[in-house]
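Note that the chains take the letters A, B, C and D in the order they are written out, and that residue 1 is the start of every chain.
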Amino acid sequence: MKFSVFSRLGYTAHAAGTLVLNIHALNTWKQSVINEEFWLEPYINYNQFELPQGEKRLVRFDVNEYIPNISATYQATVDNCYEVNDFSYATETHVSALDSSVLPYLNPSRYCESDKLYRMAHNMFGHISNPFQQVLTLTGWINKNVQYLSGSTNSQTSAFNTVTEQAGVCRDFAHLGIALCRALTIPARYFTGYAYQLYPADFHACFEAFLNGKWVLFDATGLVPLNGFVKIATGFDAADSAVANIFGDVMFNSMEVSCELADTCFEPFFYKQDEFLGITYL
Amino acid sequence: MKFSVFSRLGYTAHAAGTLVLNIHALNTWKQSVINEEFWLEPYINYNQFELPQGEKRLVRFDVNEYIPNISATYQATVDNCYEVNDFSYATETHVSALDSSVLPYLNPSRYCESDKLYRMAHNMFGHISNPFQQVLTLTGWINKNVQYLSGSTNSQTSAFNTVTEQAGVCRDFAHLGIALCRALTIPARYFTGYAYQLYPADFHACFEAFLNGKWVLFDATGLVPLNGFVKIATGFDAADSAVANIFGDVMFNSMEVSCELADTCFEPFFYKQDEFLGITYL
Amino acid sequence: MKFSVFSRLGYTAHAAGTLVLNIHALNTWKQSVINEEFWLEPYINYNQFELPQGEKRLVRFDVNEYIPNISATYQATVDNCYEVNDFSYATETHVSALDSSVLPYLNPSRYCESDKLYRMAHNMFGHISNPFQQVLTLTGWINKNVQYLSGSTNSQTSAFNTVTEQAGVCRDFAHLGIALCRALTIPARYFTGYAYQLYPADFHACFEAFLNGKWVLFDATGLVPLNGFVKIATGFDAADSAVANIFGDVMFNSMEVSCELADTCFEPFFYKQDEFLGITYL
Amino acid sequence: MKFSVFSRLGYTAHAAGTLVLNIHALNTWKQSVINEEFWLEPYINYNQFELPQGEKRLVRFDVNEYIPNISATYQATVDNCYEVNDFSYATETHVSALDSSVLPYLNPSRYCESDKLYRMAHNMFGHISNPFQQVLTLTGWINKNVQYLSGSTNSQTSAFNTVTEQAGVCRDFAHLGIALCRALTIPARYFTGYAYQLYPADFHACFEAFLNGKWVLFDATGLVPLNGFVKIATGFDAADSAVANIFGDVMFNSMEVSCELADTCFEPFFYKQDEFLGITYL
């Protein structure tokens, strides 16, 4: 499936600082970046690199003086690929069978304090034996109980807050989903991407749960089809997967994002409560 | 209903300090303290007084030196009285109709952050129109989901924690009940007392909700009959109604509590999920 | 000292609701309300009353339907009186000597979790023997370390957060001051009022500490002279002393506040770090 | 420097479960494990592996039934090596110059919410220009203000709590040090090891800060010489570097740890407040 993605981030540097941006589409064996461009205005030299585990492509640049308007623009055409698997017979994850690269996604993290949600997760979802159904059910519970409300949370809000405060944006929905999965001993990680048919257009965050050897995508917001994503990054949570990290006296100003279909047909795919088909980006 | 109550608290004073104890049975127009005794060993002069709003009878004393074993003993025979009312037709509390003495029990307090539980309370219990049934249902939810587990919480644990951590002791059950009520605009207050048939014997905490002009008792722990209480105090939460406040280098050592029936018959009374009879201590 | 105070609060009622406003000047034996007016536009019937402990004069009214613009206006001329006392020889508060009406102001409350600040308060201020100097020093520490920053906090922010996050508005400064005092076994309470020479004009919050039998005013923000206040209320913290409590679907829109001198002369009074003169409103 | 290390952990399995232990000495190019043994009693098959980034050597095993006493024993002789560098002329870390493998250690993590400590860290330590001195000073501040108190914290306590509560054990001291460093844009990571001359013997936790291209060891507890460590693991915080992770109904029972010198001489090395010599394990 081909998509044209575009993002432009605007900043004002009041003094020297460094920005690290996380907006490049991943280039994996099944997500091909057919073409891409990234540029800064005014011209600033930048450094593009990947993190060791290969799940992020970052751009980093310094500003050394006052610059009222810096814009960072990325555009790409990406051809990606996903598979749909049937999890009707999914079985519980055995910790002892997990690959060592998956194991860290059972740990609590900055925004996903799974250690505090253990009893709650087991009280609410512990009786469900099929782990796909567990994640589907907890995703449904989040969707039903947490209100999508711009501005209701901030960069310090964590899953522990969202359980009770029950309002948030996509990152809060994702954090709560991840925390509940980990509390149920299901490895889970944060997923950010460009999302087709997201209105208003924006970067989107959701999560992946590790089920029967696959990282299966879930989105508690229900805002977009699950097959319309271009993957930017996966990580523990927004602490290591934010769109931008700013060091120094630089302020975020503006953002423009788009994700358009570059293919002829698109059949939106959503999960249904009694179906066990899960989507995995490759 | 007559009860004989007894409590003995043991302390070690390492240096000078002050203790304020909250273990006397209230003496109200319908709870008569027939006889009572309070003494300190070794002999220390103390001051017994009531707080302005008349909902606590406190004892206060200084220790001025190292004393390895201080024991404070209270025993009393109390005749109290409660009424059982039918709340089948209970209607929503109108803030504008509340007496000014009741209004403060709508505010969040140290351990009952009702301001943070607003959405959750409404999502879970907002659809129930009879407020007695609302409180009964939320009490049932707490009872079902929070595990009674000695040592699982400490003096800093609040309702906001308990919503998610789902373990605690009687004070945590009470705090969560109060916070949920207040979030639903139902005035609620902390209630401490001696409780008949509590095993192991201890002071007990539960809560009162203000419904149709009455303070109705609820106990999310379900550990004791609701008609076996001798009221010690009511207040906002454990911050103003703890059994003891210690100032200075004095350590709590030991506690002994009992509450025995001094009457011939006792018919345990518990709420049932589909019955609308509520108990009010007078 | 005479002041003319004025406030106008604007609301939109989307549906039925109740408002409780806390904007009337207190009428005490030394703060005389010479004249005052309160009115609602459009005309709505209201109820004006005092809380039992006499530290707030509240106004309460219902709205029963959609009203796009409700304005509540209060204006008054107030003659108040304060004394300045020398606390050079102030001595530590003995809990056992406190009047029972003062004792509750040692308890932690919703926004002032003094129980969690015990070690910190003692580490930082425990070595100071004069309690006036303790409060002056802790007020100075707050002033130096917490940044006054509109919009940096919200209605859930408490003293525990502010210790570390070090930004806030007047209520956050007051909460932290109160929490530190209580942790040092100094009774402390929230104080709201109209403040002369506050720019931009607004309601103001600061706090009182109980020293040598007097409630002494402190203001960690340092924004206004300490002798330019007209007292509206005192209480445990913003949970029981907010300017307005809203029940139902009513939104706050706008606010206008003023406090003008109605006397001929005004000598601004601020504390100095090495002077032990404290101000008490009567 | 050669050390003999030993640890024995005891568990009771009430039902099936999985344990992941993190007690093996790291085997790096400068820390040689000369000999080692690990065994389980009763015999249980286990799997020993490294995490992808090579900073932990884990052991994992299943228990499939009730076993009243499981003991896991590790003993090794390790020859390690450290260097002492002079940081008198250390200069500020530039984010843009950091290797991509170091960058993640600037992110907040489960127990090190550096995002919430930004203002505090800058208010207290921002004026110090030499980053080695910054870390030394903040370590000294922690040592002076946080009380080492067994049992004062639990597995949910984070740096944000410790700032204010000012009591904890080694992991809490480490978390606070890490969080303050990251808030100052100094990469920092958790370090666990066997520690010579720690009384009572136990696993120890401290932290490393990334200064002038080196990971420099700091220990806010001041309990042990800095040159007496055998490194077990580094990580983001205790969430990914705990001694043991337990999945299922298995209870920790007992622990025995020792770390003895296997060399002829040992000169204890501690930092001094005005010296700029820092230790790095290789």
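Points worth noting:
What we mean here is this: contacts are C-beta pairs under 8 Å (C-beta built on N, C-alpha and C of every residue); 3 or more make two chains touch, one makes a residue touch a chain.
Values in this document were obtained by computation on a predicted structure and should not be read as measured data.
Chains that count as touching both chain C and chain D, per the definition above, do not exist in this structure.
Which listed pair repeats C-D comes down to matching contact pairs by residue number; over half match for A-B among A-B, B-C or A-D.
Chain B maps onto chain C through a rotation of 180°, based on Cα atoms and reported in steps of 5. In the contact between chain A and chain B, the residue numbers used by both copies make up over half of all numbers at that interface. Chain centres here are Cα means. That of chain A falls 30 Å from that of chain D.
Averaged C-alpha coordinates put the centre of chain B at 44 Å from the centre of chain D. Chain contacts: chain B has residues 116 touching two or more partner chains. Each chain pair that touches appears in this list: A-B, A-D, B-C, C-D. Of all the residues in chain A, the ones that touch chain D in their complex are 18, 20, 47, 49-53, 58, 60-62, 94-96, 100-101, 103-104, 106-110, 113, 115-116, 155-156, 185, 239-240, 245, 247.
Remark: chain C residues 116-117, 119-120, 123, 145, 147, 160, 163-167 touch chain D in the complex.
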